[in-house]
Amino acid sequence: MKRAFYIGRFQPYHNGHQSVMERIAPLVDEIVIGVGSAQLSHEVNNPFTAGERLMMIAAALREIGVSYHAVPIEDLRRNALWVSHVYSMTPYFDVVYSNNPLVIRLFSESGKKVQTLPMYRRETLSGTEVRRRMLAGEDWRSLVPDPVAAVIDEIGGAERLRAISSSD
Amino acid sequence: MKRAFYIGRFQPYHNGHQSVMERIAPLVDEIVIGVGSAQLSHEVNNPFTAGERLMMIAAALREIGVSYHAVPIEDLRRNALWVSHVYSMTPYFDVVYSNNPLVIRLFSESGKKVQTLPMYRRETLSGTEVRRRMLAGEDWRSLVPDPVAAVIDEIGGAERLRAISSSD
Amino acid sequence: MKRAFYIGRFQPYHNGHQSVMERIAPLVDEIVIGVGSAQLSHEVNNPFTAGERLMMIAAALREIGVSYHAVPIEDLRRNALWVSHVYSMTPYFDVVYSNNPLVIRLFSESGKKVQTLPMYRRETLSGTEVRRRMLAGEDWRSLVPDPVAAVIDEIGGAERLRAISSSD
Amino acid sequence: MKRAFYIGRFQPYHNGHQSVMERIAPLVDEIVIGVGSAQLSHEVNNPFTAGERLMMIAAALREIGVSYHAVPIEDLRRNALWVSHVYSMTPYFDVVYSNNPLVIRLFSESGKKVQTLPMYRRETLSGTEVRRRMLAGEDWRSLVPDPVAAVIDEIGGAERLRAISSSD
Amino acid sequence: MKRAFYIGRFQPYHNGHQSVMERIAPLVDEIVIGVGSAQLSHEVNNPFTAGERLMMIAAALREIGVSYHAVPIEDLRRNALWVSHVYSMTPYFDVVYSNNPLVIRLFSESGKKVQTLPMYRRETLSGTEVRRRMLAGEDWRSLVPDPVAAVIDEIGGAERLRAISSSD
Amino acid sequence: MKRAFYIGRFQPYHNGHQSVMERIAPLVDEIVIGVGSAQLSHEVNNPFTAGERLMMIAAALREIGVSYHAVPIEDLRRNALWVSHVYSMTPYFDVVYSNNPLVIRLFSESGKKVQTLPMYRRETLSGTEVRRRMLAGEDWRSLVPDPVAAVIDEIGGAERLRAISSSD
C-alpha cells in the first residue's frame, strides 16, 4: 500500500485543497492529511477547531472518493522535532506532497521523499481570501466545495469570524 | 446524521474493542473514535504510537464497514478541561458510549448524553492481557482481529515491547 | 448569591477598571476578577507580575468596599478550552461583564449570559496610555486610583518599565 | 503591613486548616493562601477544582474574619523554579508557615523566613481521611467547618468523588 | 572527529559513571554527555539540579582528561520524539554507549549505531545506593570520585537530601 | 574559582561574540555560556539547533583557550521565573556580563552582580547581518571566526537558511 502525506491548516478547506487532493488521489492508495495548528481556533486567522476542519475534509473527500486518514497535528514550536511529531501521530507514508519551504526542508533533512505540487490559482484560492470575503460579507461560497460551505453554514462559521474580529 | 463517541487507548486494538464497535455501528451513522494518551509510545503499558494505533483501527473497521473518524487525543492532565479538549479535536457527536467512570462523569457534568456499554469478556480481552502474552511469548494473536495482528507484525510490535521491557 | 465575572490584564489597574467595578458592584453580591495573561511580567506591555496586580486590585477595591475574588488566569493559547479553564479556576458566577469581542463570543458559545459594559473614556484611560506616560516620564498617577499609584511606587514599577524598555 | 504565606491542596478544606488559620491570623495583617495543585480536579485524591476550593476558603474564613488573598498555584514539576513561581503569583509576604519538608527547604534556600506550625490532630484531620469517609458513606461533615460542608453539598462533591472512584 | 554519546541522570555522578567514561575515552575523540531529567531537582530520587550535576561531571572528568560536551536534556514524556530532542541539543555524534533498554531501542529505531557497555559493580555502584547512604548517614564518599564528593559537600548535598526526605 | 555568565542566541556565533569572550576570559577562571532560545531552529531568525551552536562555540573557544561551560537554555516565556531557570541549569557563577536590558534587570532584581559589556562594532557584527549576507549570497565568512565558518559549512548552514526562507 502506498500512502502520501499532505499538510495544511484548512482555515477553511477550499477549492485549492480540493484540486490538490484530486491530483494526489490517482497516484497513491491512501492520503494521510495533517490538520496543522490543530490547537488553534476562534482566532481571526484560525477561526475553526480541528474537529470542524475534520468535518470539512470528510465532506469534501466524499465527492472524490479517495481513501484517507485525517489527523490533527498540534504545533510544537520546535522545528527540529516536528517531523518525529508528525510520524508519531500518523500512519506510515511513503511520500510527502507540499509546496511549503519549511515542510519540504524538514522532511528532506529526515530523508523522506518530497514532491512539490503547486497550488491552483493561489492568488484567489487561499484561506486568507476566503476569510477576507467572509468578513467583508462578499461571496466566499464559490471558493470552497459545496459540502464544505454546508458544514461552515451549519456551525455558523462566517458569523463566528465576524464576531471575534469586531473591534473592541 | 447521528454520531457516537468512543475513546480507548488501543494498546493494542483487540477483540473487545471490535465487539464494542460492532454493537455501536448499527445504532449511529458514524463513530468518532478517540485514541487516548496519543502522545505516549515505547512504554511497557503504551508500546504503540498514535499513528500505529490509527492503522490498527483502520484495518479492523474495514471488516465491519462502518463509517468513522479516528482522532488522536493527547492527555491534558487537567480533567476540568478534558471534555472541551475532546470537543475541539473531533467532529460533533450526539452520544458517548463508555464504561470508564471518569469519562462518564466528565461528559455527564458537561451535559452530554452518555450510554454505558460493558466490555465483552473483559478478564481475557484487555490490552493488559494482550501485552502480557506478547512479553511471555504466548499466543496473543487470537485476542485481536486478524488484520490488527498483521499490522502489529509488520511494525515488529511484539519485538519492540520485549526490547523496552528487558531489565536494565 | 449572585456573582459577576470580569477579566482584564490590569497592566496596571487604572481608573477605567475602577469605573467598571463601581458600576458592577451594586448589581451583584460578589465580583470574580480574572487577572489575565497571569504568567507574563517584565515585558514592555506586561510589566507587572500577577501578584503585583493582585495587590493593586486589593488596594483599589478597598475604596469601593465590594466583596470579590481576584484570580490569576494563565494564557492557554487554546481558545476552545479557555472558558473551561476559567471555570476551573474561579468560584461559580452567573454573568460575565465584558467589552472584549473574543471573551464575549467564547462565553456566549458556552451558553453563559454576557453583558457588554463599555469602558469609560477609553482613549485616555487604558493600560497602553498609562505605560506610555510612565516611559515618557509624564504624569501617569492621575490615571490610576491613589492606592494603586502607591503600590506601583512601592515596587518601583515605573523604574522597572523604563529599565526593560531601554534600547539594547 | 505584615503578610504570612500558607499553602495546601485543600482537597477539601478541613478543621485542621481552620485551626492553622486561627493560629496565624493574630500574628499578621493578611494571610496569602496558595491553593496547590490548582490544575487538578476530578481525581480520587484531588476531586475539587481550584475554583471550588476558593469557595470553601471564602466560606471558612468568613467565620474567622481575617484579611486574606487566596491564589491558585499550578504545579510546575520543577522544584528549582517553584519559589519564583509562587512569588510571581502572590502579593509580597514576609514569612512562610508550613510543616511540609519540601516547602520549608525550598523557601529556606531562597532566603525566606519559614516558621513550622504542626497540624492539629493530623491522624483524623486530613484530606485523606475526609475523602475516605466520603467514599465509605461515613460522617465527613464533622471534620470540616460547617460553611465548607455547605459548599461541598451544593456542588455535589461527595457524589462526584464516589462516581469517579467506582471501579471500571 | 569521532564522538560518542552517553546519557545518565547523575544523581549523583559516581564511580560507575567514572568507570564508563574511562572505558569510552580511549575509543573516541570527544564524549557527548547527556544529563537526563535535567528539569528535576530537590526530589528524593533527583536531589541535584542540572547545573550542580554539570559541576560534578567537570570535576570528575578533569581527572581523566578527556574532551567532552555535557548537555542538560529535559524530559519530554514523548518517547517517539526523544531521539530528535537529543539530536537537537547536542553536537553530532557517531555512536551511542548505553545499557538502558529504552535508550538502546529508541536510538536503534532511528538508525543510530549503539554499543552496550555494562555498568561496573552495579549492585553497590548506583545513584540509588549513594542516596541511600546519604540518607542513612553512612559512608557515601567512597562511592564517588573525590572531586565529586567535594562538589557535593560544597553545595550541602547530603543535608539537602535529608531535609526534603524527612517525614511530614 | 570565579565564574562569569554570558548569554546569547549565537545564530550564529560571530566575531562580536569572540571579542566579548576575549575580554571576559582574563577576568575569571571559567565562563558559563548560556545558549538562549535553545529549542528554536530552522527559522529564518534562528536557523541553527542548540547542538550546532555548541559546536560553533567549542570551535571558536579552542582558539582562545579559556575554560568554559556551554549550556542550552530553553525559553520559558515567564520572565519572573527565568533567573531561577538559568540558575538550575548552570554551574554556580559570580557575575553576569550582558548588554541586554531585560537580562540586566532580571539578574539585578535577583540580587546578582551584573557588568555591562558593549558589543564590538555592533552595526556590522550581529547575527542579523550574518544571516542577511547568507541569504543574499554575500561574504559572511569574514564576520565569524574561521573555525565557526568551517562548522557552518560542514552542516550546510547557509543552504538551510536559504531553503527555509524561500517564498512559498
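Order of writing sets the chain letters: A, B, C, D, E and F. Residues in each chain are counted from 1.
Heads up, the rule we're going with is that contacts are C-beta pairs under 8 Å (C-beta built on N, C-alpha and C of every residue); 3 or more make two chains touch, one makes a residue touch a chain.
Chain-to-protein mapping (UniProt): A, B, C, D, E, F = Nicotinamide-nucleotide adenylyltransferase.
Predicted model only: the values in this text are computed from it and were never measured.
Chains touching both chain E and chain F: A, D.
For the pair chain D and chain F, chains touching both partners: C, E. For the touching copies chain C and chain D, the fraction of interface residue numbers used by both exceeds half; the interface is of the same-residue type.
Here the spacing of chain B and chain F, counted between their Cα centres, is 46 Å. Averaging Cα coordinates per chain places chain A and chain E 44 Å apart.
Between the Cα centres of chain D and chain E there is a gap of 37 Å. Of all residues in chain C, those that touch two or more other chains are 39, 41, 49, 78, 80, 87-88. Contact between chains, using the touch rule, shows up for A-B, A-C, A-E, A-F, B-C, B-D, B-E, C-D, C-F, D-E, D-F, E-F. Those residues of chain D whose C-beta lies close enough to touch chain C in the complex are 38-39, 41, 49-52, 54-55, 58, 69-72, 74, 87-92. On the chain C side of its complex with chain B, the touching residues are 78, 80-81, 83-85, 87-88. Against chain D, in their complex, chain B makes its touches with residues 77-80, 99-102, 104-106, 109. Touching chain F in their complex are the following residues of chain C: 39-43, 49, 160, 163-168.
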